[in-house]
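A, B, C and D label the chains in the order they appear, each numbered from 1.
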Amino acid sequence: MSQTDARTNGGAPAGPSIAELMAVELARRLRGDDVAVMGTASALPQIACRLAKATHAPDLWFVAGGTCGVNPRLAPAVPSCCDEDLLRADTAVPLSDVVLLEGRGDVFTVFFSGGLQIDAHGNCNLVSVGDRARPSLRGPGTVGLPFLARVGRVLIYTMAHNPRTFVERVDFLGGPGFLDGPASWAAAGLTGGGPAAVVTPLCTMGFDSQTLRMRLETVHPGVTVHEVVEATGFEVVVPEVVPPTPLPTDEQIAILRGIDSDGLLKGR
Amino acid sequence: MSQTDARTNGGAPAGPSIAELMAVELARRLRGDDVAVMGTASALPQIACRLAKATHAPDLWFVAGGTCGVNPRLAPAVPSCCDEDLLRADTAVPLSDVVLLEGRGDVFTVFFSGGLQIDAHGNCNLVSVGDRARPSLRGPGTVGLPFLARVGRVLIYTMAHNPRTFVERVDFLGGPGFLDGPASWAAAGLTGGGPAAVVTPLCTMGFDSQTLRMRLETVHPGVTVHEVVEATGFEVVVPEVVPPTPLPTDEQIAILRGIDSDGLLKGR
Amino acid sequence: MNKVLSLHDAVERHVLDGVGLLAVGGMHLHNNPMALVREVVRQGQRIRRLLTSPCGAFNAELLIAAGLVEEIATSYVGFEHLGLAPAFRRSAEDGSLRVLECDEAYITHGLNAGAGGLPFAPLPAGLEVSDVWKANPESFRLVEDPFTGTRVLAGAPLRPDVALVHAAEADTAGNAVLAGAHFVDRVMAMAARTVVLQVERVVPTEVISRHPVGTTIPGFLVHAVVEVPGGCHPTASHGHYRVDEDHLRRYLALAGGAEGPRAYVEQYVRGSGEADYLQAQRAPASGEAFA
Amino acid sequence: MNKVLSLHDAVERHVLDGVGLLAVGGMHLHNNPMALVREVVRQGQRIRRLLTSPCGAFNAELLIAAGLVEEIATSYVGFEHLGLAPAFRRSAEDGSLRVLECDEAYITHGLNAGAGGLPFAPLPAGLEVSDVWKANPESFRLVEDPFTGTRVLAGAPLRPDVALVHAAEADTAGNAVLAGAHFVDRVMAMAARTVVLQVERVVPTEVISRHPVGTTIPGFLVHAVVEVPGGCHPTASHGHYRVDEDHLRRYLALAGGAEGPRAYVEQYVRGSGEADYLQAQRAPASGEAFA
């Protein structure tokens, strides 16, 4: 998706940029037994996967949708999910196979998602804002987001944390989160586990186990809870204690910058 | 299919064997705009296709099902449709693609068929003789024969012309011919053109345009119409004049033996 | 049979004005058959319905910018990390372009159904919770699973009348090799009634024969082969050259204004033949790519 | 993660006694994963239902000869130009083996449906005129095409609990390369819950990485890798060795008698470990093949 609202990093040059911090936050949520898949403009999750493999989850598998390189090894990381360089990988398969396997429901355990709109229950929308027939903003389209209904854990990320992106209810439900909450989620009987985390330039969020609404977990360095609440277009669940997001270690940053040697995340 | 009843050739060593004559008969029925497909134990139609390409139909395409070599070029010809040598071809595709395209109905124009039983309307059976639950003969199985319903022209060949093979009605309809004749054929509304020819060690047959029953076209050298009628387990349509099957030219035989340099057809 | 045609003749012969369903291969800004697309624009062939791969890009954008597309069946049109597709976006917003909302699963499985003569493509349970099918009742229906009795989503088969597909190499009979990623181009070629291939170069059959099973398109599916070295520009051609992001950024800057897309079409496409276009793009930065 | 296991451990761990649906790869007498099949026989694991590719061969015949198979879903079991499969034929004729009649289209599209979580596999119009589906009401149903209202044939998805598949090479993580023909082995691997790969050799990942898109099985689908050079014997291994027709003709001669198949199993499989079997097959005629 288009990431036009990237918050620039005000920290010292040596410190992590916001996007680098976000990559570390995503990496932290990947496990050695995961098979992750990601699509359009997915430099951030690709870097997160490579970082996870290089640190705590060496057995992680990830597929860069588009080219469908399996565990692409390249440095520098590339901004397009269809770059030929992503075929420098353990192996690669046709996209039609990956699309097929996305439907199996027990192959890919993690799916990275995002949206022009992301709502309180983690539903994502890349199609249109306003009435779909005459939208105020026509997005590119939903690509593979309907598969979110079948995948183990959905990790949502966006560079735009503002009330236009974070809305109470998406205008078009392309990528299902917890739908309209506990009742509709239970009624749908989906095999997927739903959204597991939302990583933004301001904070990392999870979901309240009762209401299945987005719930603040940690705030990034220099960000206040109030700022998150103001930037979110719905009432985010705020626990009594909101710890700061852990800072990446020097080792994590060094590895990450070795992967992202063109600095795709550095200035963002 | 198993070809246990091959009639041995009584002619001079230099003349064509029965199987060679049959290959020429099949080749004659292929056109330059055909795309032909064949399966199990298909040395005979493969040789026929190569012969046709080398003579009157250079633009013919053929796919050796199994390996799915496209226009395999090898000499010697091989008896298995899955032989690795069949990949010495213009190109090759996965079998799953060929199976898919067989269903499209407008890609393959010729399908070679055969059977443990072949009936008066050209239906083929490779599954079982007698009651399917406790058959007197269990055949190997029907493979892709149901696709006959969708293909332009079906060319049937068998090395066994006897009343056990040529029966009034197949016990199991695996590969559809003209079903139960004109009424059922019309009712089925199939997109395929049905069987176009039947080539055996005794003769070449077509189908009567009114009754859609097998109709004698030509008898092979040294074979009488009476012999064909006796060897056929149903009443074959016999026209007033039954010409002899044209003899292969010396050029055809020379080309054929260049392809079949291991002599798969020579002694049969 | 020699299927090699000039760019002009291939499009004139196979892409008829008012074509019912035209599919364009490639994915995002990679392997878009742009020379064929530009020639469609030059000849002004109108397209009743355009179908993209799961991610259309400059292939769809240019045809829309030229005003040739009545409807589009797609799950994505955009410039990936470079931004939204301005002509697509504007036409969809003002209602001049009807969008048949699809998702990646439907495009892929719908093409597969088209390739196989399969009557329809049932989709995995759970996909029905998205709004996609509700927005596109023509392409999607609910159907009862005859084995479980549950209602599942099904897509109509996708049978392009014509597919424009890029491959790295082909022989004169149309046997083609895909270099790099396949995207869904092989499936698209299998599903289409007519396939027009754009290739970097025509090679002897012996070159094609060396490639292993699974990497080629058989020639019996292909109706015309057009050799246009560099013809994917400004998109990438895997194995040959990369995306010309500078060119695309210039397009995006120009297309920011409402008349921008048409101005681009006039200047870069209608205003010059393909050879002149490609010649003009041999800027120092991308010169090697078209050598 | 190193997935390389011994033949014994791979079968013991992944092919449980009474396995619900066991699929065996290869087609006709080529690329049959015979070392794995023989080990299943040695361990005596019973198979509730066996699934072959469109053309099963010695892979199915041996399991049936060993008396391990309750039901078989297949569209062909035989020895192609060498003749019928005696144990299969006899067991089907005397009713001791239940045959679920399939055709090539259903096996291929049913596995595709299994791989994709697709609820079922609608089949091309016209296939319903054959008797196949009437003989197998468990696997086939008629369903109304929601787009045309016509009744079409549909097959149930095929989801093997375990697939035994041969590949030429794999790395320790299970990324595998298919040499030669693919048959339906890639689709079978995608459809199965557990994949046990038999390979000619284990190679570094760098070797796998050199192969192009479309020729490999990704390791995340694979649960165990077993290295058995020569392990397809007496069937062929594309890229490595040919069919041992002499051995198979000896089997067919022996199996002409009712007790023949079991005698073969006792002598050649239960009576010896895999290494001894392969050693014994290094006869002068086929010696090079196993070098």
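By definition in this document, contacts are C-beta pairs under 8 Å (C-beta built on N, C-alpha and C of every residue); 3 or more make two chains touch, one makes a residue touch a chain.
In this text the structure is predicted, and so the values were computed from the model without any measurement.
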item: Set of chains adjacent to chain A and to chain D; value: C
item: Of A-C and B-C, pair with higher C-beta contact tally; value: A-C
item: Gap in Å, rounded to a whole number, between the CA centres of chain C and chain B; value: 40
item: Centre-to-centre distance between chain B and chain A (centres being mean Cα positions), rounded to whole Å; value: 57
item: Rounded Å distance, chain A centre to chain C centre (Cα mean); value: 28
item: Distance from the mean Cα position of chain D to that of chain C, given in whole angstrom; value: 38
item: Contacts with 2+ other chains: residues of chain A; value: 67-68, 87, 92, 94, 99-100, 103-105, 150
item: Residues within chain D bordering two or more other chains; value: 109, 112, 116-118, 123-125, 180-182, 186, 211-214
item: Touching pairs among all chains present in the structure; value: A-C, A-D, B-C, B-D, C-D
item: Chain B-touching residues of chain D, taken from the complex the two chains share; value: 27-30, 54-55, 74-78, 80-81, 83-85, 88-89, 92-95, 99, 101-105, 108-109, 112, 123-127, 129-132, 135, 180-184, 186-187, 236, 238-239, 242-243
item: Residue ranges of chain D in contact with chain A within the complex; value: 1, 112, 114-118, 171, 173, 175, 186, 190, 193, 205, 208-209, 211-214, 216, 218-221
item: Chain B to chain C touching residues, read off their complex; value: 32, 35, 59, 61, 63, 67-68, 70, 87-94, 97, 99-101, 103-107, 150
item: Contact set on chain C toward chain D in their complex; value: 109, 112-113, 116-125, 141-148, 150, 152, 154, 156, 178-182, 186, 211-215
item: Interfacial residue positions of chain B with respect to chain D in the complex; value: 2-4, 40-41, 43, 66-68, 79-84, 86-87, 92, 94-96, 99-100, 102-105, 126-128, 132-147, 149-150, 172-176, 179, 188, 190-192
